[in-house]
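The structures considered in this document are given below.
Heads up, the next two complexes both have subunit A, just with different partners, subunit B and then subunit C.
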Partner chain A sequence: MSNRLLEISNLKTYFFVDNQQIPAVNGVDLFINEGETLGIVGESGCGKSVTSLSIMGLLGHTPGKVVDGSIRFKDSDLLTLPEDKMRKIRGNEIAMIFQEPMTSLNPVYKIGQQIGEAVRLHLKYDKKKTREHVINMLKLVGIPRAEEIIDEFPHQLSGGMRQRVMIAMAMSCNPTLLIADEPTTALDVTIQAQILEIMKKVKQEKGTAMMLITHDLGVVAEMCDRIVVMYAGKVVEEADVFELFENPKHPYTKGLLNSVPKLGLKSERLTSIPGNVPTPANMPKGCKFAPRCIEVMEICKTEDPELSQISNGHQCRCFLYEDEFVKEAK
Partner chain B sequence: MKNGTVDLHIKDGRQEAEKVRTPFLEFWRKFKKQRIAMIAAFFIGFLFIVALLGPFIAPYSAVEPDYENILSSPSMQHLAGTDAFGRDIFSRIIEGTRISLFVGLSSVFFSAVLGTILGLVSGYYGGWLDNMIMRICDVLFAFPGILLAIGIIAILGPGLGNVVIAVAIFGIPTFARIVRSSTLSIKETLYVESARSVGASAKRIIFKHIFPSTLSSIIVYFTMRIGTAILTAASLSFLGLGAQPPSPEWGAMLSAGRDFLNTAPHVTFFPGLSIFITVLAFNLLGDGLRDALDPKMKD
Partner chain C sequence: MTELLLEVKNLKKHFPVNKGLFGQKKSFVRAVDGVSLTIEKGETLGLVGESGCGKSTTGRMITRLLAPTEGEILFDGRDLSKLNDKQIREARKELQMIFQDPYASLNPRMTIGETIAEPLIVHNMMNKKDRIKKVHELLECVGLTSYHANRYPHEFSGGQRQRIGIARALAVNPKLIVADEPVSALDVSIQSQVLNLMQDLQEEFGLTYLFISHDLSVVEHISDRVGVMYLGKLVEIARKETLYENPKHPYTKALMSAVPIANPRVKKERIVLQGDIPSPSNPPTGCTFHPRCNACMEICKTEVPLLKETSPGHFSACHLY
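Up next is the complex of A and B:
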């Protein structure tokens, strides 16, 4: 097994609203190895983004709170790290790209000042060196005439350009882990491909590990080594990218894959998963997916299955495969 | 062919770079379209020059009495007439400009600085700190402005310096509230989140990322507030709590002239007019600034 970079175990992040406890992330286990790309897939509201915010320790300004679990990054537990140490990790070791490139740049600063902020905070470069570094980063993400763009304001750039700037900003301190929260969702399809290409290139050049959060299976297939499928705050399936596309196990994963149109196949209607994600406030008692599952059984309505191994590296949370589970030697 | 395209790109880039629309240029473009605000701005600029040159351009001394010319009406010698001690009112108004502008600017400056810091801290951190600051502001709001100022002067004693302090104190809560409300919305924006995600400290986020975006509402209120501050300071002087008699403060001049309101109305008319026009100019400028700085106003 290669080196673990990040290991999350039993992470529980609850939101406290109106005296209610709402479990947004409810016991997530996942890991990322060095240089690996992990895709996290799931519908909106399944806890993907909250997981990433928990890693970054950015829940402070939301009603959310990590109530249990641990997040190990390299040699430290991020959840117990004091704020000033955490600040040194943010941007420097773990960087983040947000979904909305249009609003994630501060309108009052020039591009160069914004990218330079992280560089000066963490790498402690002087003005001249920072500028050179920023220009190099802009060139790396394929921005033409970087020397001029550096002095422009965000509103002068298009969405695709801004997302490139965000990537440059995130990569500017050579982080070991990049968290990309739906980096292409807000972009045109043609631009999406370019951005993904750039992210791939930058990642390869710098050897960065990546956690790609998305609901776009196409993006996942293109980019990721391993995939974690999340549903209602839990991991329901985890597998190698080929394994998952070839041999999906969990009914939810199957449903997701079936709801993607396929070229060439002259199929009838596009299948969809009936129903909606249950709201965290009123979760079903047994398996969280049971009310929407087409292969639902009696046991699913009363008991919640465990995440168990099916084959090497392939885990699934479903009673259907109870016989196939590799019994853990104890 | 490929070289050709690249060249074109560079050319386009240069042309664009020449007319880069910085936020300031954008503001200026909108502001200069507003005639009235521009006139107000020029007038205020003129007032500042008068305030700076004061004694050098005043035709007579502002304090030396001239018993030959008591309460004489406006004439070519005395453009605005003379007061009960024969002092040239026009000269006194010119020298009083300095006092009024100083009181207005300095008191609003203090309330803006303190109010902004309180508002930023209160909006950003929230919780008990926010509650405490806002409740104190509520208490200050509960007093009618002038009454609060009178109360503060009663504690500190009369005098122009104390007027500045009094007017400054009762401006603080409004600034704090304005800044707090913009802080509340700005701290939720993605760019603040992304600044946090690159490891910026709270102090850095507050002053480098949130403060600049609150600046436009601060500038607008600052300008409008100067008018009110000048008016309040003049009222306090009128009541005898601010500038003391020989001083050519406009409010004090009004107060000194009120005994002769029937026989020599010019003694109160001209200082009153100065206060009126000055306050009006600051308010109009504030209006113009708001229209130019508000991103929702489209031209």
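Up next is the complex of A and C:
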């Protein structure tokens, strides 16, 4: 059994807007082992990005606040860590790649300065060594003419190149955990293929653990070892990649898998999930998925199911599998 | 033989870029550079390509939201590119568009009812009573209810707004609907709802679609024939079965192999293209794809390949064939 790197238990992040509290993340449990790639899948508003911001402690500028739970990284609880210690971890041991390469780079600083900032802060390199290191990082992510690009500004680069710069920046301090929040969503398919190759290569070379947040099931199937499916601020299913794609349990996971048109598979009609994702301010009682679920039962409308184990490493939050849970317990 | 509804011949759109001290027109962005295609009545033609390949510009020229620089657009026997503004308005009764961004394409100050009724007013089609009836019918057609008519766009989710956009396009009983990335702003579970709706409506009203998207699997699902665009040119067009099973053009092959498959057991050989898409203001000489092509030959660097029929109904623009 490999070592736990990150363990989140019962994380609750609420947003306080207009005298209301909106539960964006409402009791998330998950873990990542060393060197593993965990995929987090879900639609917009399911709380996957807020989870990652909570880990990084980047909720400061939002009305969001972690109200309950713990995030254990190695030996420390990130939620109770003082800001100066958190700074040493953020960008150094845990790094993040953001969704939009267009807006996450500072337009008035050169590429080299932006990547170098973290290197000088965390690794305490001098100017010359920093520059060498940055050039090496740029080469690692496959940027041609790295020696020239280092002195260019973000607007001189294309979307794919900027995302490479973001990866180089995230990897520059050799993090043990890399959080990638929709790293390829804004990119074209051929560029996405390039970026995924690079992320795989970098991960293999450095043995970094990765948390990949995405809504693209294809990307997940290709990159991840284990998958967590989120819906309305909660984990609804967790399993390793093969198990999840071949033997999905939760009706939402099934619906999600069926609603994507697949290349080369001719089907007349897509099965779709009826209705819309509920807004966090307007959550249904009981199971959050009940109003859209095709296998809904009476109990689902009043009680919220627990996340329970179905088989080894496969967990699901659904009343349909009550019997199987019990068997497991005996 | 089925009837042709639309025939586009050598369509071009060059956007002038002002350079120099007095804003003289010095160069052109060749957004669309010689596209020819046909659409039969009742079929769906999918148009795929990456950003900047000119697929949206092509769609906008067909609905004449943009005036083509060169070329002909024969729609139902009329050349749309030669019409004046008044005639185009008239012609748009039969040509409607569904836009990509459901948040930006609805007027926030108009109720849904007003939005859907507007095309009917513009085309002077019905009296007020009939219009209201028609709006209610349309709303039910697209899976909303008639009481939604008095609400404003901000009260709706993305998927619902896209349904409203579809209802608006249907209001004037068009023959052709140009759908420009209608589902790319939507979540997967909502995306499939909208795709199913579009298919149902096609059957019900005998619609013809030009479906523009960057998502190959969505295009495969909905289309009868698929055209692939690269840098302002159509590089390959065929029936979808032929195109997806037996792609000819190296770009199509690379594009297909780049799509991640939602099955962890499938390990496929991926063709990873090197480099980025060149700028359409300064496209490479010869075949525009040659700097990234893995089967590049000498001839590709100098001569522009033409769209040739390699097997019946399968056209591709490559010197290999």
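Simple rule for what comes next: the second predicted complex is superposed on the first by the 324 of 330 C-alpha atoms of A that agree within 3 Å, B and C clash if a C-alpha of one lies under 4 Å from a C-alpha of the other, contacts with A are read in each partner's own complex, and residues count from 1 in each chain.
Definition applied: contacts are C-beta pairs under 8 Å (C-beta built on N, C-alpha and C of every residue); 3 or more make two chains touch, one makes a residue touch a chain.
All figures in this text were calculated on a predicted structure; none of them were measured in a lab.
Once both complexes are superposed on subunit A, the partners subunit B and subunit C fit side by side without clashing. Computed from Cα centres after superposition, the angle at subunit A between subunit B and subunit C reads 80 degrees (steps of 10).
Judged by the touch definition given at the top, the superposed model places A:160 against subunit C, while subunit B stays out of reach.
When the shared chain is aligned, no partner comes close enough to touch A:307: not subunit B, not subunit C. In the superposed model, A:117 lies in contact with subunit B only, and not with subunit C. By the touch criterion defined above, A:151 reaches subunit B but does not reach subunit C.
Once the two complexes are overlaid on the shared chain, A:296 sits clear of subunit B and of subunit C alike. By the touch criterion defined above, A:100 reaches subunit B but does not reach subunit C. Contacts of A:272 after superposition: subunit C is touched, whereas subunit B is not reached. In the superposed pair of complexes, A:215 makes contact with subunit C only, with no contact to subunit B. Least inter-chain distance for subunit B and subunit C in the combined superposition, rounded to the nearest angstrom, is 8, based on C-alpha atoms. Residues of subunit A touching subunit C in their complex: 43-44, 158, 160-161, 188-194, 196-197, 215-222, 241-242, 245, 255-257, 259-264, 267, 269-274, 276-277. Of all residues in subunit B, only 9-10, 13-14, 16-17, 20-23, 187-201, 208-209, 212-213 touch subunit A in the complex they form. Against subunit A, the residues of subunit C that register as touching in their complex are 50-51, 157, 159-160, 187-193, 195-196, 199, 214, 216-218, 220-221, 244-245, 254-266, 270, 272-273, 276-277. Listing the residues of subunit A that touch subunit B in their complex gives 56, 58, 61, 87-92, 95-96, 98, 100, 103-109, 117-118, 121-122, 144-145, 148, 151-153, 156, 166, 169-170, 173.
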